[in-house]
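For clarity, chains are labelled A, B, C and D in written order, and residue numbers in each chain start from 1.
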């Protein structure tokens, strides 16, 4: 089968990554690209890697929404699509903002953490793609929650490559200021907190609170989560590893490893690495997950979800092996 | 006054930073440098920044220990000095390894977290310089412990510039592998854990356990700690800030700020930035500290301690303003 | 068609990149991997990105050479294969060292700068893959040499990501020393100089000398060449651009652009970007080329050459769109 | 002696570096800071490293120019000071833009490449601080020009840390785009070309043309120049080194070294490293210089020039040892 796709918000980093992934996808073709402020320019003029594949002109968003493409990826900022989604003509929409992440399946939107949402994805036409931090946090925590092995409050630290902040021209994101720099950011009420808590409940049956601190570090791609959850049952390192292994043994993109995950081997892939250990002195399971924030944390998972919705092999067009070093 | 100093382990990163700091110190002169495997070379051949100040020849360690210098800084790896400290002729020794950090003051060693150890430092002749992670962790936690505001277990995440791993030629520390990479490392029993726990007891009167996860991120200098401690008493953001402010208002090197600390403004200085907020949903104080791991985390604090031991102004030869950007 | 491949020197960066590329190649399968010091380990233990694709055991080199694979890629250091090439049983060998780059076609080796070597590659069984610096330098200079538009001496500056230095554990290549650092390196007789001069003669008919200065800069991948050649004929910017455009208009991997090439859009691809301008005040054409040193500068071009030798589409298994940002 | 100083353009990177240097200067005190768009804010709010030293309010430029400070440093963009310099009340003005670099000494401005301008600096009240690229280029070329050893055209490549581009919020200078990237930039008529050519004539008596290509590489500080000049007289490596050595033997900030200079050992200092070799095959001297673009390339040299103009020791308040690693 073959489907035409439209990419909204195609001038940002996630839009560029979708362009790269879809250029080699066997079933989807980018037929239309839309952008807000960059409309009128060629796609490749704002995405220097796309070359000949970026010959399309960036259309105004309304024009792009109105095309006949069967599949729509929206990389627009949160709040943008909410008002215009009704006018989208695409049969299947994958939205990468957090506009619809809290919406109940009853409203027609599926929260697309692929590994846990498969039954719903197969019939879905409206998919809300998870945030990058929640994706990594849930991948390493949900298997323990499902077993009833943990409770809260869960303390999560995370660090993300700066491409996760989007393609904003912002003093804090300049090379000179970020190079050689590390800092926590955000308040204790980061917008990803409720998304993580909802995910723990939805997929793990665990109702608890999360204390989440994201950090900015000098790298472009890659996202790392380190989580500590109080143990409800006694576990050792082998049992903790086995719980993850049971959850992901047959997953094409999630790999359970023994050492701590590191972000670099996942660069430009849709892969995720997870691992866990037990901190006996404090009664915590310490688990960690690494992804590429633009891959499994955004564009990669969006394509994985679209594959599932179209009934394709989930791995179509996606890499599990990253670019290293 | 003027004193001659010997630097042991002068070929490493901390030894190089001591060379830079002491080159502008008004009272201390480096008269002798010692090294293990690099003995026989000029200091500047292994420290490219020292230039003419690095004309000294690196002596074998025994020869360096036997000189008449009144002050000795040891940057040797843990375990090295323990056997030979008896033969040191220097009146005042500052050891930067963790060999003597657990030793009781009764045995003649003072644990030199300067801001909290002043009464002991004035009379001391043997100073054990704190580790980089414990320095940052204790600076942001001790004021809350002293007030009886927190209990445990305390969850601490930290990230350090790679110079903190020393000047080892190690596959994991190569540029190609670390650039664009982030990872947790170590076990749940990192050697800094007992040092932090002891410091909380010694300076804050708090007996508890710590769950500590260090991370390696792609930067050379800079160390950031983010700590979450359960609150015993109700606090709001202003009160949390005030507790830090009370503790450090008159300190020359520790600055309490409102935003989250970032490492870069402290580069090549002996400064520290700390701040705190309250996570009401989880009942935690979230506090953070940034230092230069080679500054307040190693060579800077060593000089600050030597200044105190000699009765000098603590700021002699030290910077509070970092190199930015 | 389908062919089994053996990769020698599979534990290095180029070997890892070949693993990544070949994992998605429709016609070649890695059946055997060989290594010198790392023999006995699993491939994935030294290549953290390969995951399940890296399940093979690294064989001793002699054992690997003796397998039945039809295609052999050798990423061994220069000098390693020279003595044992006679024992290679593979029908087609692509050697990435500089052992056979100077050898005449009469001796059975083809110098595989693919875009200029196609007639020879189709019948070849022994291919010497060009160096990373010569690849970029020749791509931007040969079209001008062919037209008789330039003479010498040609002044070439270049900078390379540190992965070009191989996976050596070397004090100069540690993160702490390279981060924030830039330096020229090598003598004025870099081993790539004769390779560039020979290439200008072989492909461009220009017999001249080259003054070449490579630089090390703090990045992992990417190679940039800036060359200045005295003009023999009068050219303006448009004519200079047209000469490149004529040379590469139908090439899948070489793109002529108007702005100066930058390395990042080519990351993890086999692409090359070239451009040129005229410096009228000095009578030079100034031309520049960017590649990924592990892509078109090593593993990518090796696969492109193998594709050509097997009569496959040259683009099989290769990307022209890089990972950006 | 003690003098009050005003810093114009104090919100940029060079203004921040002046703040750091002057905070430890024994004779100059920053009494006033001025800024264009940032006027009204505290200095430390835009310079996170300055801390308590940055308590001053940023005044509008006209107000700052009208203060009684005896010494004025202007870090304003080119073109800004030209119209208002007449109203400056400071006895001594050091301008860091290129507004007055081409002006003849007869007009009252001295071109302050300190090592070669000393006779003029002692009596000067208007000093035009050299550009960062010309400073490095002239330091390694002028000694050869003075000896009549070289002619043109001189081919110069250079790379600069991104802080040299100023504190502009610009898409090309974002971390995500610059990290892992290298590119040439500018036209063949970079504004620094005439400045270098004038400097070669003024200080070296050489009238020739320069072909100059600057590059942007992923680092924050540091500037490296590699120059090739045709030899007029026969030289070997030792003689080339001796020519530099003769020129700089007694200079406090310029160090002649045998290996190629690298930028990192000079970070946050006013030092410069230079070296030279002979490329016999092409008849070139190849010389290279490294500086910190914000140090000897901007703020450091400005203070060195002010020291000279006030009759102070040139090294007052300046470092020759950089922060490494």
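Definition applied: contacts are C-beta pairs under 8 Å (C-beta built on N, C-alpha and C of every residue); 3 or more make two chains touch, one makes a residue touch a chain.
What you see is a predicted model, and the numbers here were worked out from it, not measured in a lab.
Visitor: Let me check something: if the centre of a chain is the mean of its CA atoms, which chain is farthest from subunit C?
Guide: B
Visitor: Select, from B-D and B-C, the pair of chains that is joined by more C-beta pairs in contact.
Guide: Counting C-beta pairs in contact for B-D and B-C gives the edge to B-D.
Visitor: State, to the nearest whole Å, the distance from the C-alpha centre of subunit B to the C-alpha centre of subunit D.
Guide: The answer is 34 Å.
Visitor: How far is the middle of subunit B from the middle of subunit C, if each middle is the mean of its Cα atoms, in Å?
Guide: The mean C-alpha positions of subunit B and subunit C differ by 45 Å.
Visitor: Touching two or more other chains, which residues of subunit B qualify?
Guide: Touching at least two other chains: 13, 161, 163, 176, 179-180, 218-221, 262, 264, 267, 325.
Visitor: In the complex, go through subunit B and note every residue touching subunit C.
Guide: Touching subunit C: residues 13, 161-163, 167, 169-171, 173-176, 178-180, 218-220 of subunit B.
Visitor: For the complex, give me every residue of subunit D touching subunit C.
Guide: 152-153, 155, 157, 159, 161, 176-177, 179-185, 187-189, 209-211, 213, 215, 217-222, 224, 226, 228, 260-264, 267, 277-284, 286, 288, 290, 325
Visitor: Give every residue of subunit B touching subunit D within the complex, in rising order.
Guide: 13, 16, 19-20, 23-24, 47-53, 163, 179-180, 220-221, 255, 262, 264-269, 271, 319-325
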